[in-house]
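Below, each structure is written out as structure tokens.
Both complexes below contain chain A, partnered by chain B and then by chain C.
This part shows the complex of A and B:
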């Protein structure tokens, strides 16, 4: 029972950051329909920016998180502006190839800039863990969860309750009509990609101090983000959030009670099952095909 | 236009061909290491140690009157790449001997290339017993396989006072081999073996495995992985409130780096190392150890790397001695000479004994080891 409680606490904490990754990607992959292979690299970029601001420049820890997120948003906007805007309307294979290229270039740039040796970011939070009965968790992870949940709530508000969110949804439903209604669809494309990228960078900036920062850290993150998006249904924000927690739960319980050697495979087993029985994802509304 | 292209291609190929002729008066040694990816820290330390050895050898007149040149390639911590690098070093750089490939899975992937091209490789790091027992006569290993490590470990059992042990190891040939050999050796000593948990080499969150171990009734965790993952593991174990004794194996823990990066989470942990730079006077060849440590510090390398980089240094020293003994830089002659060398090195006096199926034995050096403990952010070396 104590062990189960500990596993559940771990699930909630990892689930928060998985949800951030998933929401960021579902905006880009689900709504914009761009197979964004750079998502994991933006996660790694966020972590390196966190290292740069907090450890190299010695800035305040929380200010550094905000700066790292802003840097991720900027990089995302640049990627959209330089690589995707000229190819708007091209088929999905073309943009996919562009994004694979960008992914490889970004990862190797990180190698070149920071070297292959892992970097660790020190946090100002107490090292002694928070202990509640049989469950023990580090303060850093509690902070990660709180910030992640706040960002998830903020994203939800932006997309569903603001004019910008309405413009985004309109643009990707029918960009021609949206343009006729006076929406600047070019800036909406750039902003949406930047917004999704910022969420990936946020996950990286939050997890960087919990783990260590390496140039290849984005690969697994990318894979998991795609898994979460497929699990939750393409373009479904709530689905991506819940999908993040389901993936964390599957990994944690799978590793705890079945086999830790297959931990990273557990999530994908669930995805195969979901795709077999509900190919549009767990939370997708019925979609008309054709 | 087409002619210009052809002329350019011809000129370029002539230039390339002559450049390899210009290098013909050096003896090349291939180095196949993970310089990027999850094992990057370790691989870079090995290369730095190897470069110090090459520099020292060249300053003292080289080998057979010629300078040695290290041809260093990155295997990206990836077995497929390790095999590709071995092939590239042999076929394209024409090295007569190599050192590599840091990890068991990487080394095992490169080994078929040795058989195919009949070029010997000195294995400087790799613990899996499989490496010397496959009947590959081109393999000479200076690091301890897990069964040798388990024997060394037994001498420290009285001070560790283990009743029941859980294992947590990296999910590859190295980790699996260590769990098998250690649980067998410890079982014979009457120690109960509990959980055997694995973690993927790139995994950063280990809380699921640690939560499971936390709930078990063992008193000790034996951990096998490299320094990056070990740092995360110690921090996460501390934040989960695990109070069990933690002992690590493998020789890639870089205790100084653990103290630096894991902080107080490293206190009370014990680590099996194969070179103890904290007390050079207690090592096999104190003068050599002091000179190596000084050269390392003069080069401005991180002190934490010494427990790892010594193998790169020892490896190149042993290879140089074998080339000297062979009398020529020829793969077959170097392979035969490996059996005759006796080289004073940082770990001890290196010579190879036979291991594996008869007639096709690999060479294995019986490595020395020390179990150190981190107490209040300092290294303690027990008298054994």
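This part shows the complex of A and C:
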């Protein structure tokens, strides 16, 4: 029972960052229909930027997180502007090939720039864990959860309550009509990609100090993000948030009760099961046709 | 004319071991040939049916592991039941590897073609990752990260004819060359058969193809089975040639290599994967004396993006067009003049299919 409680606490903490990854990708993959293989690299980029600002430059921990997120947003916007804008309206395979190319370039650039040795980011929070009854959790992880939840709430507000979010939703429902209504759809595309990328970078910046930072950390992150998006249904923000927690739960239970070697297999098993039984995702309303 | 050119090229490759004494270069060519074979199998799905399989390395690796384990023998316990397998000849292993990979192709095809496009891609990647994790964690069978050493080299022949074991590089070179030629002829026959035309019809305009009675699932699953089996065959060749395999064989970068070979050479053409395979099989050897592996990969990534932007059809169709500038395009396999010349993004058909993404 105590063990299960500990697993649940770990689930909630990992779930928060998974949800960030998933919301970022559901905007890009679910709404823009771009199979974005750079998502995991932006996650890695966020972690490296965190390392750069916090450990190399020695800046304040929280300021570093903000800077890492901003850097991720900028890089995402640049990718969209350079690689995707010229191919607007191309089929999904074309953009996918471009994104695979970009992914290889980014990962190997990271490898070249930072070397293959894992980097660790020191955190200013107390080492001693927070102990509540049978459960113990480090202060760093608590902070990660709090920031992740705040970012989830903020993105939810941006997408559902602001004029920018309205423009985004309008553009992806019908870009021609949106353009006729005076929305600059090119900048909406760039902003959406940047926004999604910023969330990936945020997840990286938050998990970087918890784990270590390596050039290949993005591979699994990309694939996990795809699992979350499929679980929640393409383009479904709430679905992606819940999907993040479900994936974290499945991994935690899989690692705890089956075998820790299969922790990372859980996401893929989920993808295959969901696509077999509920291809539109767990939380889909009836999909509009036409 | 085309046949004579093909035979001349083949004759040239048949003479290579006679004048190329350097064992390292010969080794490079053997590995290039094996990956070329894998690229040819990927081209069946990616080029002729238009389905991008990004887990293709799973078929390759399953072929390698099944072939290796069949010829090495193994003993495992599944649910308390011991299963012991005595070693069989490597050639039988090769066939079993191809069959196992073909069966996986069938399962993935059945599963994934219910939900296509981006989903298909993701299912194939997930499949490859699950297989990789199993190969890493099922230590009893696969030896996990410690690798599976001592795989016997390929042995050809029957009891009445005596056996030939392929120890040397040149012998392996000829064997791989023979398999490539056979595969090429087989794929060519498939593509020009009613089955192949049905696959191409599905790629070009699914709605129209279905309306004239072509069964989507049947032909796509058929392509997946065939493609998987061929990739498994390539994997088996690899295992018996290298003689040691480990879970690194399932690296996503191996799939990327195959994809780059196909799209650079020209997807949906018979010669495309051969040309692309040669380029990307030999390029690492040439580049390695100048730049490290990371820079090489960066160059490949950049090249991939450039190909999509500048030469979306690949090298082979571009050369063909250059040769046939006067004459009409007659290849039924290439994306001829009818589809607007650019692969996908320019043609009205492709736009009506996925441009808006509101399926």
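Keep in mind that, in the parts below, the second predicted complex is superposed on the first by the 287 of 290 C-alpha atoms of A that agree within 3 Å, B and C clash if a C-alpha of one lies under 4 Å from a C-alpha of the other, contacts with A are read in each partner's own complex, and residues count from 1 in each chain.
Methods note: contacts are C-beta pairs under 8 Å (C-beta built on N, C-alpha and C of every residue); 3 or more make two chains touch, one makes a residue touch a chain.
Given the structure is predicted, the values throughout are model-derived calculations rather than measurements.
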| task | Once the structures are superposed on A, label A:255 by its partner contacts, choosing first (chain B), second (chain C), both or neither. | result | first
| said: Going by the contact rule set out at the top, does A:217 touch chain B (first), chain C (second), both, or neither? | reply: first
| message | Just checking: does A:272 make contact with chain B only, chain C only, both, or neither of them? Give me first, second, both or neither. | response | second
| query | So, does A:137 touch the first partner chain B, the second partner chain C, both, or neither? | reply | first
| said: Just to be sure I read the superposition right, which of the two partners does A:7 touch: chain B = first, chain C = second, or both, or neither? | reply: first
| Does the superposition put A:120 against chain B (first), chain C (second), both, or neither? | first
| query | So, A:109: does it touch chain B (first), chain C (second), both, or neither? | reply | second
| query | Just which bits of chain A does chain B share with chain C as contact spots? | reply | 111, 219, 259, 261, 264
| query | Inside the complex, what are the residues of chain B that reach chain A? | reply | 35-38, 40-41, 43-44, 171, 197-200, 202-205, 207-209, 211-212, 214-215, 228, 231-232, 235-236, 238-241, 261, 263-265
| query | What residues on chain A touch chain B, complex-wise? | reply | 2-3, 6-7, 10, 14, 111, 115-118, 120, 127, 129, 131, 136-138, 140-141, 207, 210-212, 214-217, 219-220, 251-252, 254-256, 259-261, 263-264
| message | Which residues of chain A touch chain C once you look at their complex with the stated criterion? | response | 29, 33, 35, 83, 86-87, 89-94, 96-98, 100-105, 107-109, 111-112, 219, 223, 226-227, 230, 259, 261-262, 264-265, 267-269, 271-272, 275-276, 279, 288, 290
| query | For chain C, which residues count as touching chain A in their complex? | reply | 50, 52, 54, 111-112, 114-115, 117-119, 121-123, 125-127, 129-130, 133-134, 136-137, 252-253, 256, 259, 263, 292, 294-295, 297-298, 300-305, 308-309, 312, 343-345, 350-351, 353-355, 357-358
